[in-house]
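Supplied in structure tokens, the structure appears directly below.
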Amino acid sequence: MARVGVFICWCGANIASTVDMEKVTEAAAKLPHVVYATNYKYMCSDPGQKTILDAALEHKLDGIVVAACSPRMHEPTFRAVAAEAGINPYRMQMANIREQCSWVHGDVDEATAKAVDAVRMMVARVAQSLALEPIKVPVTKRALVIGGGIAGIQAALDVADGGVETILVERTPSIGGKMAGLDETFPTLDCSQCILTPKMVDASRSELIKLYTYCEVEKVDGAVGNFKVTIRKKAKYVNTELCNGCGDCWHKCPYKKIPSEFDFGVGNRTAIYVPFPQAVPNIPVIDRETCVFFKTGKCRACEKFCLRGAIDFEQEDEFEEVEVGAIIVATGYDLLDHTQMGEFRYGAIPDVITGLQFERMSSASGPTEGKILRPSNGEEPKVVVFVHCVGSRDENYKEYCSKICCMYSAKHAVILKHRIHDAQAYLFYIDVRAGGKGYEEFWKRACVEEGAEYLRGRVSRVYDEGGKVIVEGQDTLSGEQVEVAADLVVLATAVVPAKGSEELARILGISTDKDGFFNEAHPKLRPVDTATGGIFLAGCCQAPKDIPESVAQGSAAASKTLGLLSKEDITREPTVAVVDPLICTGCWNCVNVCPFGAPEKSEITITVDGKKVTRAVSNINEAKCEGCGLCVATCPGNCIDQRGFSDDQVYAEIGGYLERVRAAKNSD
Amino acid sequence: MIRLNRTPKSSAAIARMEEHLGHPLSQCYQCGKCSAGCPAAYTMDEPPNRVIRFLQLGLYDRVLEQNSYWVCSSCETCTARCPRNVEVKEIMELLRHDAYRRGLTSGERAVFVFHKTFLKTVKWFGRLYEPGLIMLNNLLSGHFFKDFAAVPGMLLKGKLKLFPGRGADNAAVRRIFKYSREEAPRGEV
Amino acid sequence: MKFSYYPGCTLHSTAVEYDLSARAVCKTLGIELVDIPGWACCGATSAHSVNELLAYALPAHTITSATESAIAAPCAACYNRLRYTDVNLREDAHLRAEVEKALGRPYRAGVAVRHLLDIIANDVPADEIQAKLAGTLGGVKVVCYYGCLLTRPRDVAAFDDMEEPRAMDRLMELCGAEVLDWPRRVVCCGAAFSLSRTDVVYHMTGKILASALKAGADAVVVACPMCQSNLDLRQPAILKKLDLEGRIPAVYFTQLLGLCMGHSRNELGFGKIMVDTSPLIQKINSGRAETAAPAEG
Amino acid sequence: MATIREELQAAVKKLFDDDKIDYFVGYAEDYGHTFPAILTKDSDPSRLTFDRKSYDNLANFLPELRGSRVGLICKQCEVRTLNVLAAEEQVERDKLVVVGVPCPAMLDPRKLTEGAADLDSLDESYWQEKCRRCLERNTPLADVFVGERVSTPTPAEGWPLLEEVEKMSAEERLAWWRRQMSLCIRCYACRLACPLCYCHQCFVEDNKPQWIDKSVAPENNLHYHIIRAVHLAGRCIECQECSRVCPVGIPVDVLNNVLSRDFAERFGYVSGETAETQPALTRYERDDKEDFIL
Amino acid sequence: MTKAEKQKEPEKAPQWKPNIVGFLCNWCSYAGADLAGTSRIPYPCDVRIIRVPCSGRVDPLMILRAFREGADGVLVSGCHPGDCHYIEGNYYARRKFIALKKLLDHVGIDPRRFRVSWVSASEGRKWANVVEAVTRELLEVGPFRYEEDGDD
């Protein structure tokens, strides 16, 4: 028999005015396991707590029931009291007789009966409650950042700044991300590369940051504090130890007309290439898909001209396993493909480009050296139409606002005016969302000082006629249909999660929203965490963001990471699932349903009928288990139980209540 | 359908207007607060913000065809409340100046005539002579006996003088009128 | 205190009671008013409507003709035009040159243009006014109507709040009136269309009258002859059109102030108001008697 | 039938001779009965047979033989079972040799009279119910096929007994099931015959806590059968072995059929359709239809 | 009827009250029930609440156990689909309950005896309404007995 003490709280008049304290105390005292029952005006007060402490010692209690407010209110308080009294905190249970009883029921008899039942149920539960100890998991003091754009770079720099080794994985040949390709940045018009490249260099020089460019995360095992990550190092066909980035190879590569991914097709690259001149690391890779040697077996021009003999056609993808304690995901964004949209003629008009293509053109280090030109004939455009919300705020494509387009379109209009003084910009918009520091002022500058003409309304259709791009739209402010004969049309297409993020979500075991952006743990209070411990988010992979926001979140994720990795070990609630391996059949239902990947397939060897048998069984990774109990309820063989919410406890609660009902029924 | 071309602000009138206002018309971001508070908007062809919108799109002549600026009462509610400090009342007045010069009434002949009459009496007497204004106005507008019902009472109470008052510096006033109409670049009555 | 006095055209005709009461009150308060020799019409509302230069030159003539360093203007429209002119001529040298050509003499910058309400409410200390009061308004209920041009725009007519002016309210409270809150203190009455688009006046003034009646006021207190004329002269016709009962006199703040200072109704030109003011006077008198009685008993 | 028997024996002998399998699971005949038999290399294959009384679902033996190379006679029933077991990783397909047979439709022992002479010629009225719904009689997964392929008649629709029960009112159904359950002696033959009841310890034997009372009160029995049906939800492949083996004749499979039919209608779900078909209760759609949640 | 019996009658038939077991998930419904309390929204007092981490923790065994122990009704309440604290526990729970519901209906147990609801932490009012509705229905259905003639 357990030795349970029941402590009933008046909560002043909050409970005592509706629930008969004496009756509940009297009933509690008669219950099995109960050796002491009392009531007090404010159990949570100092004297109230002292009452519990004294009684615990005097009556040698090994379990406590506090009948008071909701456990969501004071469970931590009374668990601490239990601990002080030398009773395991998990053998303290609260009967909720305030929020779910006295405050909602007016009849004293009914409320008192319900309170007695609540106490009965909790006493039965405490009697079945095991003593639990918090789980401690040691922490690997190393971080992984996935994605080498500005958010990832910032996160890596900040984590390294905190003295923690950081692995930065980037799938393209250089870090820098989208920001490396931008021209001037709103609202201050400072040059993107001028502010980014120093950070890229810092990242490459830091002793604590290991750059893994041209690499991808292949597999992630383990849990918070101890992830095992397999990284695929894609074959570069260049020996990075020997290469000094002299550039002879790509200058000699005969195949020069490959549309550059970095330039979004505005410029070309060779088959062996660095994506842009300021690339970090400044080491080329051979693109197997377009290299003539890999296609025909002939060429090897790069190899011939490389004086250091760095070209290595025999390279293969390699895999490396690293151990990290935390992961920051910063995989960024792509633009929605407007060539799937009929109103823009499915991309058939060369003079209809995207915002990022415009950036590459206007960038001084870009393929046109900063000249804004019509792709169709290479002439300077004089009339340029910018279209906001292409695919954004459109239920046929993406319902959400892509957030950055208003500002970058305004910036484009300003840049256009700066580069081509007699050019006129027209901007079709629905709202101008300029909610950042200096953003509204910048927008005003674009339309008042730089003469950008804003037309409130959507573009209905674009077509080419007589060498012009005719843009048909509506100016809802005047109520008039308008038409512009443009030389160039720039589409602010919707920001979408980077290609492959859904696959990465699966690998990491984190969830995505309906649009494929990674989900934060709480939209307001935990915007940097994911629901999976130890995995944090930064930048556009979570939602569209501009540079300052991406940097801020990168730093925030870094600070979360440092906080986590500053501990020797992590303490977790012990209310996790446990498998009985002797009866587990390895049907993997638990593995299938667990949202956190906590049940893992493992084996045990046991002796059955004198023979050693190896069986496949499930094993719960306590570091991953969040304690939802889904596997427990799913296991058909009742092989899994949950500590702190065990079958025994629930069974006891049901019985504690219905025993009385059955007795009453039988006496009829 | 408006066909927007490279220089929508090519209209000289609009360029002059912007120079006069001291700010470009694009200063207006079409929030509509001017129209929201305008006591005369109810009788305008287009409310003030629309007038500005048409001007932004270069449709100066279309604006002149509408009555909005004639029925503006110059109460300045718009200008006073504009969050972007657009000189809305000023825009209306500039439109009136131009229309007056061109003799465009846009369906508001009575208003047009009133201003003409008013200035005539001021020009003649140096000060406003109300009975004269009423009579002349009615004569020119064709409403011969309008508002005369009130006149006997007003006369009884000594509110209307039968003869124009004296004392104004008539010579100075005539000089002002002459100069404003004939020589001044900003005048042209 | 000495001011050049610019009554404007209306105070010499339709608003003669404003002129009478303004002079009487100023005298009591020791404000000396000096007539401006050869003053001319300010041009409102037509000059600025149709000819910009005229709109500046006419007020400039009057300002330049003033003999004192400050002008007191009782009419809100005149005040507005004069201030506009002064502000713009000081800021715009080119415009000033044009105007001076029209005037044929240099513009006299530096003359302060003040509205009479501004002077009485802000220059004369409240206790000084209080000292001159011989009686009260006996708790009569009034709404204060400032009209559109008295406080607008912000940087031209800067003596009171643009949307919620209180100068007149304070004066009336000082006089012992119950000043009611109402939403139309700065709404335009449509004076510019008094003769040309009477329907517009009916619409705009009608809203003001209806609002004042709804507030339960015994009188509308005004500081502009244009407003008064619209509210007063056209009131019977407007209320008939709106199908509203009752009459509400529109009186000048100077008239009520003068009444409390002991000037006679005749002196203040109460008889010149078209809407019968005797019920108002009666209320004031009975209110005075009520407040006085307990003090005696 | 004689030919299939010889072909089968030859095929099994070859599998053992070629060292492809450690065990062979099939049917043997003795004393005029057909019963399951597990053969090793040393066993005599001449008793192997396959006829219309080869009722048992042989996949039932697979979890036991996990880890060994097994040859197995597969009717359509076993094929679907294999898929479910494969999805639940209870069998390793690469260690399995599926011996396909043309299924002639199994007879319902309760409909057979003593000494019926020619079993081969008995018509539909003697068949087991499940055989009327058979989708494919020629073992689609077969690695080795013995005998001659047969044509599959158009599958019958409907669940005769289930529909009959459903015609009753709620009170009548409760009474009917109570009567059925009062017969149950908790011998667990249903569980034993079921190829998908492979738990090392059944929930009903779990006494920590004792969710379901051990005594044979009808409601305890009903709860046992309901939970068993829940555990088989989206897994039961309707072989009806549970009912066939029930010594007191409770049509246990009706409860399973309730869910088989409902899941097919509601989720478009067919258990054991492929080896990748996950158990229905271990997956979900965001818009799963239901009409009872407040 | 004797006089004594007549006098006894009102005492012997107190109004019958249903016994309802409620399994509430800790994050949404339990918090929602707390909110009904803090908002002082009254509702019938016949539900006894068992706190579970997630509606996905509720095993059909628990529901049948409650009936076996004499409950007249069982109510399971969790987070709305898409809002589960554990991301997707309630989706699995929903499927499980669809199966159980179907079976209970089939064997002739009144469908009103087993209810499921989605109540979020902000839906104190909804919780009160749910209890109200469930209680009202059970009052209509009456006490639950498997036994035909009271044997056990």
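We just call them A, B, C, D and E in the order they show up, numbering each chain from 1.
Rule of thumb we're sticking to: a residue touches a chain if its C-beta (ideal position, glycine included) is under 8 Å from a C-beta of that chain, and two chains touch if they have at least 3 such contacts.
Small disclaimer: the values here were computed from a predicted structure and weren't measured.
Asker: Minimal path length between chain C and chain D through chains that touch?
Answerer: Step count on the best path from chain C to chain D: 3.
Asker: Name the two chains that are joined by the greatest number of C-beta pairs in contact.
Answerer: B-C
Asker: Based on mean C-alpha positions, which chain is nearest the centroid of every protein C-alpha shown?
Answerer: Ranked by how close its C-alpha centre lies to the overall one, first comes A.
Asker: Please flag the chain sitting at the greatest distance from chain D, going by CA centroids.
Answerer: So the farthest one, by centre of C-alpha atoms, is C.
Asker: Roughly how far is chain A from chain E, centre to centre by C-alpha average, rounded to an integer in Å?
Answerer: Taking the average C-alpha coordinate of chain A and of chain E, the gap between them is 37 Å.
Asker: Would you kindly tell me how far, in whole Å, the mean C-alpha position of chain D lies from that of chain A?
Answerer: 45
Asker: Quick one: report the Å distance separating chain B from chain E, using the average Cα coordinate of each chain.
Answerer: 76
Asker: Residues touching two or more other chains, restricted to chain A: which are they?
Answerer: As it turns out, chain A has residues touching two or more other chains at 593, 634, 638, 647, 651.
Asker: Residues of chain C that contact two or more other chains, please.
Answerer: Residues of chain C touching two or more partner chains: there are none.
Asker: Please list, in label order, each pair of chains that touches.
Answerer: Per the contact definition above, the touching pairs are A-B, A-D, A-E, B-C, D-E.
Asker: What part of chain D is in contact with chain A in the complex they form?
Answerer: Result: residues 63, 67, 88-90, 198-203, 206, 208-209, 211, 231, 278-279, 281-283 of chain D touch chain A.
Asker: Mind listing the chain A positions that touch chain B in their complex?
Answerer: Touch list, chain A to chain B: 382-383, 424, 426, 444, 447-448, 451, 453-456, 475, 477-478, 480-485.
Asker: Which residues of chain B touch chain C in the complex?
Answerer: 39-40, 42-43, 71, 73-77, 79-80, 93-94, 96-97, 100-101, 108, 110-111, 113-116, 118-119, 122, 126-130, 133-134, 137, 141, 146-147, 150, 153-154, 157-161, 165, 167-169, 172-173, 175-177, 179-181, 183-189
Asker: In the complex, go through chain A and note every residue touching chain D.
Answerer: Chain A reaches chain D through residues 582-589, 592-593, 614, 616, 634, 636-639, 647-648, 651-652.
Asker: Please give the residue numbers of chain E that touch chain A in the complex, ascending.
Answerer: 19, 21, 26, 30-31, 33-38, 40-43, 45, 48-54, 56-59, 61-62, 65-66, 69-71, 85-89, 92-93, 96, 128, 143
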